[in-house]
Structure formats: structure tokens, C-alpha cells
Amino acid sequence: MGRYDKLKEQVYLCNMEIPRKGLALYTWGNVSAYDPDNGAIAIKPSGVSYDELKPSDIVVLDIDGRIIEGTMNPSSDTATHLVLYRNFPSVRGIVHTHSTYATAWAQTCLPLTIYGTTHADHLAADVPCTEVMADERIQGNYEEETGNQIVDAFKNMSYSDIEMVLVACHGPFTWGVTPEKAVYNAVVLEELARMAFITHTIRPDTPALKKSLCDKHYFRKHGKDAYYGQSSNK
Amino acid sequence: MGRYDKLKEQVYLCNMEIPRKGLALYTWGNVSAYDPDNGAIAIKPSGVSYDELKPSDIVVLDIDGRIIEGTMNPSSDTATHLVLYRNFPSVRGIVHTHSTYATAWAQTCLPLTIYGTTHADHLAADVPCTEVMADERIQGNYEEETGNQIVDAFKNMSYSDIEMVLVACHGPFTWGVTPEKAVYNAVVLEELARMAFITHTIRPDTPALKKSLCDKHYFRKHGKDAYYGQSSNK
Amino acid sequence: MGRYDKLKEQVYLCNMEIPRKGLALYTWGNVSAYDPDNGAIAIKPSGVSYDELKPSDIVVLDIDGRIIEGTMNPSSDTATHLVLYRNFPSVRGIVHTHSTYATAWAQTCLPLTIYGTTHADHLAADVPCTEVMADERIQGNYEEETGNQIVDAFKNMSYSDIEMVLVACHGPFTWGVTPEKAVYNAVVLEELARMAFITHTIRPDTPALKKSLCDKHYFRKHGKDAYYGQSSNK
Amino acid sequence: MGRYDKLKEQVYLCNMEIPRKGLALYTWGNVSAYDPDNGAIAIKPSGVSYDELKPSDIVVLDIDGRIIEGTMNPSSDTATHLVLYRNFPSVRGIVHTHSTYATAWAQTCLPLTIYGTTHADHLAADVPCTEVMADERIQGNYEEETGNQIVDAFKNMSYSDIEMVLVACHGPFTWGVTPEKAVYNAVVLEELARMAFITHTIRPDTPALKKSLCDKHYFRKHGKDAYYGQSSNK
């Protein structure tokens, strides 16, 4: 068994969750995982349909984007993933999708308001939205600049407390300490955006969740005093 | 066969209906049942995915919340269920979900308007929405206070005529004289919220259903003169 | 084989189409068929879930509502069906559902605007909405009065050109020259209401389809000059 | 094997994708393919349900609409397809559906705004909407005039850069260099319309995507400098 086979299998399975959870049509979306012990990042190949994807298609790169293993072109969003792995050091998995509600919200160029405890169970703040990219950055290395825009959006926020972002005019990126957690976050973000769409449509002036409720729900599930689930600290 | 096995199996099956009816993602949501003859309440364990849930995982507690049987942590919402069983004495099953439309409506902090006869077939009034919880209550025993907020909302209403509530900023709770009826009510509430969302979006000033129609539909199905279904009194 | 077995089997199959097409939860909705040669109307029993429904459960009545065959209570909406069969003489099947979008539109108490050719392929006018029922009628024979309200709504319209109606605050009824056609119309109405909801939300002042397009599409599929499908006249 | 069997099989399979992707109810929608080497256009027969459709039902015509092979009436929209094949010479497949969101948007008579990069990945402009057809054209050869309206809408646009259109008050047509690509475009258009509906509902004054982002995404996937996917030029 090859050195990267386990990582490739893991990334393959995480990618297959994307259409199974209804987050992507055709080839849209991609999942990567980072194994720092092997200095390896595994990612979906570009433009391959989920119906045809095989574990052996997964492309393995080093953190500078040089291909270590694989014969296919990696996802066209690879440079974005690499920027995030370099700047968010504890991240081990990243997901990009064009899931319907999260993408539609990203198209408004607004952050996703925290309206309720479902949201606060996962993060205690709005899901941030990046700036619309400046023309000179678009003309440059576009995918790398997409990563830079995300890093900029987290200048005053913790990427480990808020594991998701909307890229303005584009769509969602999510991450986590495992690729499975990043996929979970992609599913959660889609549902949060769907609920927020409905809430906002019924009552456009619905206020954001007050801080005491944000914190209560977040810290019920995260941090040293968490008491949700079967382990004391999740 | 153990003393609580039948109750645990029943609660297991009711919990499994939650994802089957599309009311929950991952571990979200929980169903409990109360067997007063055995002094036992059975509830889903905390943070366990429906894919992995087994009847033997169900936790059994007494009405004060002491674990009688089971090795897992009970649902983090257990204290809310217990308050409801203590205050709503004829209730034998309780359901909490984060179903999309009911949760989105709860996030608006508004009651769910009774717009039509589908609603009136199940209750003859708006679905009430609790007050937003005060900070000192949030800082206290939060889950117990959630139960107290629900009980407060029913001060001038009958919990047996209205078997559902929206907890402001949070989501729905439903109950019934059996856990199966509580699950049925959770499905109904989600559909009522979905219909009300559409009605309100098409015509924001749609009036509430007039009292004569509320009563006609409700009493067609409930109370001593009910004539819906195969038994004379349902 | 009994005299009514074929009719009961047909009505059973048409009823089972209702949940299959996503038009009903649990026991909601009912389909009937009328066989004038046998003086028999067959209808779903009241409050029976589609999961448990069997052809032998179907209740057979005469046009005055006397039970000819069957041991169960007929649908609580039977009186509405009977009024329609008596007043719309060429009708051979009737469907009532609480399908989401059609019911939500009925709750607005507005007719369903004809916005496009999908609608005009089936009827060349708005789907009418009945008046909200007066209190004295509600207090009387409610289900019969529901039928009367529908008949009133068709005073200046042809029930064979427009095979569907919204009952204000309640939901849709559809009919046809066969029960299968009535089920087809129920599916169509739900889709027309869904499309109209989206159109109206995007652009609230969208005008109704102009008459020349209404007529073109309707008469392409109906009447003596129809040229859609495999027979010359459909 | 007959001369047209391969083409008929291909058109059959493409037609069957329409209900599989949720783009059509019952008989709604049709796909055709053009094989200029054999001078043959194959298209779905009129009014045949997808459940019953067989490859041998597919009708083969020449570019002037004369039936070469097949015993059924071709789709009632055949004349529209023929006009498009004659005016858009590189097109080899055409799809017409009444898919929910694209049809609802067409009913507003507005072009579908380009709000984000999902849209720009496929076309760098709004999806155009035709003029509402003038009465004298409706009275004439309606289906041929529908084709003419589409051709008119592309007077100042490239049909190979923009492979989709909304016919005002009616619904979408899409095309491509293969019938499979035309089906892909029909699925894409439905998703773009769904996202745009949500975006527009959340924030009605959302601006269109700026030109630099339109072009970046479009040319990432199309033209001589494309770098998406596994071939250099897609």
C-alpha cells in the first residue's frame, strides 16, 4: 500500500459526501485534507464528476503546490486551499461547494446573520463575508487571492472558532480539524443559510441573536466547559 | 427482557422517525417518552447520530433526572423535557427538533399565525412563541429555564389543546399523549410553518383564520362531537 | 368479483398516487370516482393512513351519500364530493389535498394568477378562489356548503374548462373526466402554485398572461383544433 | 441496425435525463439532437410520458421538418427546434423544459441577472429573456415564431457563448454542441435561477457581478486560455 493511499481514500470518501448531502451538481465542489506528518495535501482532481471519481484519481501535493502523486490536474481551487492551510495552521480539511443557499447568500455580499441557536451551536457570530475582490487581484493569481481575501476576513476573528466563510459573489468555504469536520461544516452552513433565508423573508428586521444566547449555545458544545455529547470536551 | 426495554424500543423508533421525516440533520433533535407506571422517562443520548443510534443507547431517568438505566449522557435538552412532564401531567411524549421552517419561524420570535384549516385541524389558535429568555435565566440552568419559558407561555392556554410551541430564537417543541403523537405533531408543525411562510410571502397582510372556521375544523377532529376518522371521538 | 371491485381498485390506486406525488402527509387528502352506470361513488375512508390503505377499505356510496358497500366511515369531505358530482355532471373523479403551495395560496384567499404558458396549457384563466364561507354556512352542513361555495365560484365559468379551484382558507379541489385526470390536475395545480409563488416573489407586479397567449396554449391542447399529443383531439 | 438507431438511442437517453434531474413532470419537456452528416434531427414524440418512452418512439425528421422515420407525432415544439438548428449552425442538441425556477423567472419577463461566479462559470452575461410575442405572431406559426423570438434575442450576442434563453411568459430553452451538453445547460440554468431567486429575495438591490469577475470565471473554463478540468481547452 502506497504512502498516501490512506489519505487519498479519506479525501475520496469526503468528496463523495458532497453530492450525497445535496451540496453539489456534476463536478462542482471539492474537498482536500492535509497530513503534515507526510507533508502532503490530497485534493479532488479538476472537473471530474462524482459519478466517475475513484480514490486513485485524488491528487497529492506538497504545501507549495508541487504534485507528489497523481496524473490528473488538481482542483482549479487548489491555490485557495494552500493559502488557507499555510495561514490556518491547525486546519486538516477544507471544503468548497456551490451549495444553493450558502452560494445565494454569498452572492448578496452580506455576512450571514446569526439568527438563532442552531447557528450558535456551531459558531457564536455571523458567518463573515469577504470583500468583493479588487480588479488587480482578479487579474493576478485569482485562486491564491481568493485565499488571501479569506485570510483578510479573519484578521480579527479566530479561524478555529469560526470554521466557515462566504466568499463574496462566489460561495462558501469551510474547514475543520479533520476533513470530515469540514464536510460537516459545509452541511451546517447550507442549513443555516436556508433557515436565515426563511427568517429574513418572514421578518426582514429580525434582530441578530443576543450575545448571551450566542455564548451559551456555543460554549455548551465547545471549549473546556462543554457538556453536549458523550465526551466532556468536544 | 428488562423492565424498560419496551419503553426504550418505543423511544428508539420514535427518534428514528425524526430523520426519516426530514426533520433533522446529524444528531439534531430528540424524542422522549414518559411511563408513569414505572416512574421512567426514556430519552435519546446526547450527540449520537441517528445512523448509529441503537435501542440499548436510550437513557432511562426518573422524573427528577436521575439515571435509572443506561451508560450514556442523556440529551442535553433533558432538563427541558422534565419540566414539561412535571407541568403538563397528561403528556407521555415530547419531541424537540431543529426542523427548517419551524426553526426559521422561531428565529423571528413571532407566533405562527393560524392561516388556514390545515392548521385548525390540529389546533384552533396560533402556535405560541415564548418570550426571549432573560440573561439571568440564561446564566442559570438554561435547559430547565427553557422548560419554564414554555410553561409560562401556556399560562392562559391549554397544553392539551395546543401541543406545540416555538421557543424564541431556538426552535420547536411538540408533545402528545403518546410519543408517536408528539412526533406526528412535529411533522405537522414543520408543514404548517412551511405553508405559513409561503402564504405570508405571497400576501403579507393575509388575515388570520376567523374564529368560526378555527373552531369548526378543530372540533370536527377533537372533542366529544368529533366526526373525523373511524372512531367517534378522537 | 364484486360489482364495485374494479371501481374500488381504481380509486385505491388514485389515492396512492397522492403521497407518491408528494401531495399529502399522513391521512391528508382523498380521491373519489363516480360510476354513473352503477350509480356508485367510491371514496377513501376517513382518517386512514396511505401506508395502511387497502382496496377493500374503499367506501362505496350512492349519489345521495348512502353507503352501498364498505364498513368504514367515508372521508369527512364526502359531502363536498357529492355536491360536485351532482352539479358538474360530466365529472368522474375528484381530488382534495392539502398540497403545500396550493394550500398556502388558498390561505391568501386570492385566485392563482395565470402567469405563464405552463398554466395556460391546462386552463386559460386564473384558478378561481371561493369566497370565505359565511358563519351561518359554517354552522350548517359545513362539508356540503364547501361544495356549494365551489359551485357558486363557477357560476360564470365552465367546470370542464377549469378543472380546479382553491377553497379560501382551506386548500385545493380538482376534478376531471376520470379520477386519473383529477389526480393529474392536483399535481399540475401544486406545480402552478409553486411557480406562481416564485414569480410573484421575484416581481410582485408581474402582469397576468395576455389573452392571446392564454388561448393559444389552451387550444393547442384542448378542443377540436388541438394538435398536441398523439391523438388529434385531447 | 438502422441508420438512425444510434441517434435515436442518444436522444432517448438525453430525454430520460430530464425527469431524472427533476426538470419535468409527466410529459413536459423535450430534447432533440441534430446529425448533419445524416441530415437528421431526432426528437421526443409529443405528449408521451417519460415512464413509457422507448428509443423506438423517437421521431426522425429532416431540417425542414419532414418525417424521415417514426410513426408518432413529433414534439409540438419541433418547429422551434428547427428554427434554432437553422440559425445556430454549430448546435447539435436542444432542450426545452418547464423546470420550476427557470420557468417562474421566464414568467417575470426579465432576464436572469448574473449574480455570481456559479453563473459566470457558464456564461459571462445575464441569461437573456425574449420579448413577449406580438399577437400577430401568436396567430401565425406560433412554434416557429418562438424560435424566431429566440434568434432575435441573440442578434447582438453569441449563441455559442450563451447557450440558454428564457422565452418570456413561457420557459427555458438550452442548447449545446452535443445533446448531453444541452441537458447539462438545462440543469445549470435551473440551479442558476434557484440561486438568483434566493439572492434577489434576501437583497433585492444586489448588484450584478462586475465584469472583471464575469470574465475571469468564464475564461477560466472556456476558450484558449481555459485551465479548468483535465484538458487544456474545454
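Should a chain be cited, it is by its letter among A, B, C and D, assigned in written order, with residues numbered from 1 in that chain.
The definition used in the following text is that a contact is a pair of C-beta atoms (placed from the backbone, for glycine too) under 8 Å apart; a residue touches a chain by one contact, two chains touch by 3 or more.
The structure displayed is predicted, hence computed values, not measured ones.
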| item | value |
| --- | --- |
| Given chain B and chain D, the chains that contact each of them | A, C |
| Turn needed to bring chain C onto chain D - CA fit, degrees, nearest 5 | 90 |
| Proportion of interface numbers common to chain A and chain B (over half same, under half different) | different |
| Intercentroid distance (Cα basis), chain C paired with chain B, Å | 33 |
| Interchain centroid distance [CA atoms averaged], chain A/chain C, Å | 46 |
| Multi-chain contact residues (two or more partners), chain B | 197, 201 |
| All chain pairs that touch each other | A-B, A-D, B-C, C-D |
| Of all residues in chain C, those that touch chain B in their complex | 25-28, 45-48, 72-73, 76, 98, 100-101, 103-110, 132-133, 135, 138-139, 142, 169-171, 197, 200-201 |
| Chain C partner contacts - residues on chain B that touch it in the complex | 115-118, 184, 187-188, 191, 194-199, 201-203, 206, 209-210, 212-213, 216, 220, 227-230, 234 |
